[in-house]
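If you scroll down you'll find the structure; I have some questions about it.
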Amino acid sequence: MRALGVDIGSLTTKAVILDGEGIIASSVIASGDESEQSAGNAIDEALKQAGLKKDDGVFIVSTGAGGKDISLSQQSKSLTSCLARGVHRLFPSARMSIDMGAESSTVIKISERGRLNDWVNQDKCAAGTGIFLQQMAKLMQMPLDEMAALSLQAKGRADITSTCAVFAESEVISHVHREPPTPKEDIVAGIYYSVVSRIISLCKRIGIERDVAVTGGVAMNGGLVKILEGELGFAVLVPERPQLVAALGAAVVAQESIEKGISG
Amino acid sequence: MIVAGIDIGSRAAKAVVMNNGAIVSSVTCDTGPESVKTSQMTIARALEGTGLALDDMEYVVATGYGRVLVPFANENISEISCHARGITWYFPEVRTILDMGGQDCKAINCDAEGRVNNFIMNDKCAGGTGRFLEMIADVLNIPLEKIGEAALRSKQAIPFNTICAVFAKSEAIAYLRKGVSKEDILAGLNEAIATRCLNLLKRVSIEKEFTITGGIAKNQGMVAQLREKVGLEPLLSEDPQIIGALGAALFAEDRCRGKAAAVPAKVQYGYSDGTGNYFITIDTGRCDGCGECVPACPSGIFEVAADDNGQLKARVKEDARKKLALLCPGYEVCLSKLGRNCHTVCPREAINHTW
Amino acid sequence: MVSETKKSKIDAIIRASRLIMRMNQANPASPKSEALYYKMLTSYYTCLLNAHDEGKFIAAHTVFFPSEILYAMDIVPMHTETTTWMMALFLGEQAEILSAGAELGLVPEICSPHRGLAGAFSLGALPRPDAMLWSNLICDNTAKSGELIMEINKCPGFYLDHPFQRSETEDKYFLGELEDMICFLEEKSGQKMDWDKLSKIVQRMDHQMELFREIGELRKTVPSPFPNRGFLQLLTTDYLCPGQPEAIEYLEALRDELAEMVRERKGAVSPERFRLMTLFVPPMYLMGFLEKIGQEYGVVSVVEPLFTRWAEGRLDPSQPLESVARKAAMIPERRSMYGPLGQEALQDLVDCAEQYKVDGAVYWAFMGCRHTCATVKLFKDLLNEVDVPVLTIDCDIVDPTINSEAEIREKMEQFFELLEDR
Amino acid sequence: MAIEVTQSNAVMLPTLERFRQINDAFPKTGEILEHKSKGGKVFGWLCTYVPEEILHAAGILPVRVTGYSQEMELEDGNAYLYINNCSFSRSCLQMGLRGEYEFLDGMVAGSTCDGARRLFDLWQYYIKTPFHHILTVPRKYTGKAHDLYYQQVTQFKEHLEEFLGRKIPDEQLINSIEVFNRSRALLKQLYELRKADAPPISGAETMEVLNASFRMPKETFNRWLKDLLEELSKSSITHKGRARLMVVGSVMNNPEFINSIEAQGGLVVTDELCTSTRYWSDPVVVEKGESPVKAISKRYLNNFPCARMVPSDERFNRILNLVKEFRVDGVISQIIRYCVPYAHDLPLLRDRLKEVGVPVLALDVEYGTSGSGQIQTRVQAFLEMIEARKR
């Protein structure tokens, strides 16, 4: 019996397959309109990679924004719990983890046993999320990775004080067209800083505890992570493929269920 | 008298050209990233085909978010005053205005002459603004101009919990995925926005008559929701989006007529020489031409005459201007000798000396 | 000024509570106390509705006000916050009431029940009071509510000043305030204070507090016999009818029922899986939902330290006014929400967690209430130390447009998952 | 269109620059460090109901606790005080949590409002300043309230004496009263200048002076202020605006905010803020045979009231008087979001001012704001509204 975790995010859907040893396959696809279908595609993709078929005996656990209402999985588990499991599997020393996805940022605390201890998420306002960064990238007319690379060269930092994504947009515009224009790298650093300060605010609500891991798509943004480290004052743990952590956690849950002998 | 009003909004730039109280032309363009360029392009579009040039404008008033960056404007006035002034052109009876623009929403209470009594603006969050609706139109893949009609076709508005512009978008996507109709989604959003607007309006007090201005007033779905929530029939002008620019143009006309000087005008007479500065300033914004100063001056240096706008104002006589220091011993000397001087007699404190 | 008989919504509240009372009486499965509770409500509001026709003096007051004094003077009390909630709860008129508050110029940052009650007065939804009484117990909102209402109703008012800390001089000051208030009321209403009556009320109040404590003790048993929605009813009882026979009758019946359930080892939810501590108040409009989710997941609220933990101590009917003052200091809310946050109140929180065998705590962070939210972090730190996880939910206690049921459900389910995992 | 200033004042008013330097350096000002290095104690105080004279008489340098002079994400403040306490208290707490007030030997507050008392509670738990005290401040003016407050001030004095291990003699108190009264009188003189048609000092500049007054020894402050008044009397600088404005509300001490109003041409001629008029307006009057502590407690309770006091008309009447004295054309009410006392008073205050024909612009702001574009638009529209009415 193989364990499969699928994380249906608002932007991407991720699947991970585990066997006794470790990850044997994974996939990341864009989320479509239908959660059911996105999950199906991600699962098929992962199975294909692993050279498996659906009836080869896989136990599927789903999670993420769209994870609850799908029929493909035998079990569903909340994103926060899966993140805790996933992070613990990768970094047993992590006591805190910051997950930055497209539409939500979640900070969790993890017990020594790898269980979720506490969490807090960014609610009701898009400031400080991945989608905010995407909007900004569109505005600056450069791809996300280029933007991240550019931020590393910043010497100063533009002030972006608005917490509302829409207002921040006009602040950025005014920086671009100021006389003389604010250097692009400083604007990017300013944007990242505004996201980071929101995230740190979240962390502080439950109290920062080391080690800290960073997961989710935004963790691939090296520039932002660097600023985050600067503000935290210490280095964070970033997995090789941060986007997959929740799916991995779901797979871990699946494995536990298999061990407990529960089957679909 | 040819004037222009230009409104550089956050989403759209509008201009109105007027000639002796009649609208010559009006345009709406997209706001580009650079206000200066946008303003030049907008006025050029407004003048197209009118046979007029920018130089023909006697006075230009700028308003809107980019108002300070219009290089050819003689003055800038806030959009709040301009919307109130502009709407009187169509509906002098309007007392309550809801201006719904690209990035903000304002509730204004005004009087018959378009003078603002009270106003309030949203802040901190752009939820429920024009930009927000644009995002939604984008997601639903309906042209902006059509979202109004679409909402009107809704049978069952679905409730929205969030007013964050970015999140409402994803909530809308989620509903779409669930197969909710676009019409119902739009109607639900409009309802959420209307509720917010109503709260703004209540804080300035709602009086009859009521109007909606700004680009969103072109959105019939939104207007329908507001009609229901506010419980009043809004008076709508044919192009509600240009009301701000129209108000600015009307202010420009006022200025030309000299109803009120734009900058409190001060006229200075005199010179400086090796012995000091000899200037007399007359604040023509204050001076009402009463003529008290004329007999008060023992040297008779003042006279009262009509200015360019035909208003009576005091001035220093032509022939006295070159020899002020000789004629006038200084106002303090006058006061101590005569017990009065031009300063003390002037009821509006319009006269000043430098010596 | 709006004529009250035309617009006052009191009769609608009465109709609603009478209906619920009848339904309860008709249903043999429903506990007797339920019907008694609604009987108490009905009689409170009937008294208020008829007050002016009977030539009685109505005094409107804010929460945690010593209405024992009003009862003793034969003045009809009107608890403004509760009455506004009732309207919101029974008649679903939050939107109208809150928007009337906005119209007065009250900004959304002000506590919604207080925006609401000003709105309700300006709509004429509450009867016109003959006097307005208010105090700074419990917060800046209560302290500032009075003057606007005096202006709306063109009525006189008295502000009762609670000192911030407790000391001999401060206690004396408060006693002086109570005396001044009695003088004010005697002058305005033309009615005299009946000290014997006050003494009797105090005696019953003492008993009432004992009953609260007994009920609290019964809830310590596993499984807890007390339903999730019950807590609001306990509050209302003290808010509206302190030391009144109807309150005693209801509470005694309730205590007996709970004792019976404890004997039979019956819980309010079965099976009982998680025992929760509730911090601050959940949104009023969610009471039904909480009941439902409790049944679904086997979750029961067993203690509300900020609202149902009365301080130790007795009242002395031979010193009625001193007792009224003493009661103010024993009110659960006062101990942790008002006055300097002492070690004692914090220790009590931790003790509660242990005594009630709490699995987790839910802090309802009501955005209008500044001083309670200021303790979210502190309480969380303390409870985490004794290994009690805390879920914080931002909410508004009367305005359902702030967060949806689905959103709250999601958070709670996630929390139950966390508890399950531990 | 900014207010018209006849000349740059940097040259004419060197003392103003010195005040500005104090504010720029705060909290690490030379004066505070010097006092500390001489072995003196520095105490923070939170609210105008804390009797500073008592601290001063004990040889302590009282410093007003303020927050960051900018609008920012208050990470620590949000975590500890939650986001619904006013940003003033969150900003102060954040500064405290970040160790910027580590030089404080004590913290004194009054039970003025929910925000202030909770800030004090958390300060006590998370920032371990050696001495803490909170005074119960009654909300009334009755004789009994005065007795209670007198008791509270006495207790505070005793607590302090116990902490310091020495008595605070009456002569010291009398001396401190004189020093503070002198300061109040000088500030009053400064404000008198603003009654002129074209005052020699702008609103933003006045705010610099006031800020410095919380952050340096009063004796030095008095000397400097005297110098400044001298300079002003000689200076030929004048300020003129489109309208004469008054700023009312809770705390506000960012001169940039006033600057952004004045940049639109609204000359701020007076104010009603915790950080200004409410701070200095009333002197301590020691009646014959009265103890200095009694005189102090009387003054602090009767002082220009905060919105917390009942009845509010005491405050409204004082505002109306200022409006008359300073010939105010419009009132800008700036209320920090989630400040309940001031927000509750606003509808009533608006009515009172309407009766005398003075319009009110209500701004909800965050503490430390320097006036965003949106605020500037509102101020501009407000000025236009005032001008239109005058016509």
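The first chain written gets the first letter, and so on, giving A, B, C and D; residue counts start at 1 in each chain.
The rule we apply is simple: a residue touches a chain if its C-beta (ideal position, glycine included) is under 8 Å from a C-beta of that chain, and two chains touch if they have at least 3 such contacts.
Just so it is clear, the model here is predicted, and its values are computed rather than measured.
Any chain touching chain B that also touches chain D appears here: A, C.
Centrality annotation: D (chain centre taken as mean Cα position, compared with the mean over all protein Cα atoms). Across B-C and A-D, the chain pair carrying more C-beta contacts is A-D. Centroids built from CA atoms put chain C at 51 Å from chain B. The mean-CA centres of chain A and chain C are about 43 angstrom from one another, to the nearest whole unit. Put simply, the C-alpha centre of chain C and that of chain D have 37 angstrom between them. Counting partner chains per residue, chain D shows two or more touched chains at residues 79, 362, 364. Contacts with at least two other chains are made by residues 65 of chain B.
Within chain C, residues 105, 377 each touch two or more of the remaining chains.
With chains as nodes and touching pairs as edges, the resulting graph is complete, every pair of chains being joined. Listing the residues of chain D that touch chain A in their complex gives 71-76, 78-79, 372. Residues 10, 33-35, 65, 103, 124-127, 129, 131-132, 162, 164-167, 170, 173, 176-177 of chain B are the ones touching chain A in the complex.
Contact residues of chain C toward chain D in the complex are 104-107, 109-111, 136, 139-141, 143-148, 151, 159, 161, 163-165, 167, 169-170, 173, 176-177, 180, 340-341, 365, 367-371, 373-378. Interface residues of chain C, counted against chain B in their complex, comprise 99, 102-103, 105, 108, 401, 403-404, 407. Interface residues of chain C facing chain A in the complex, by the touch rule stated above, are 377, 380-381, 384, 389-390, 392, 394, 413-414, 417-418, 421-422.
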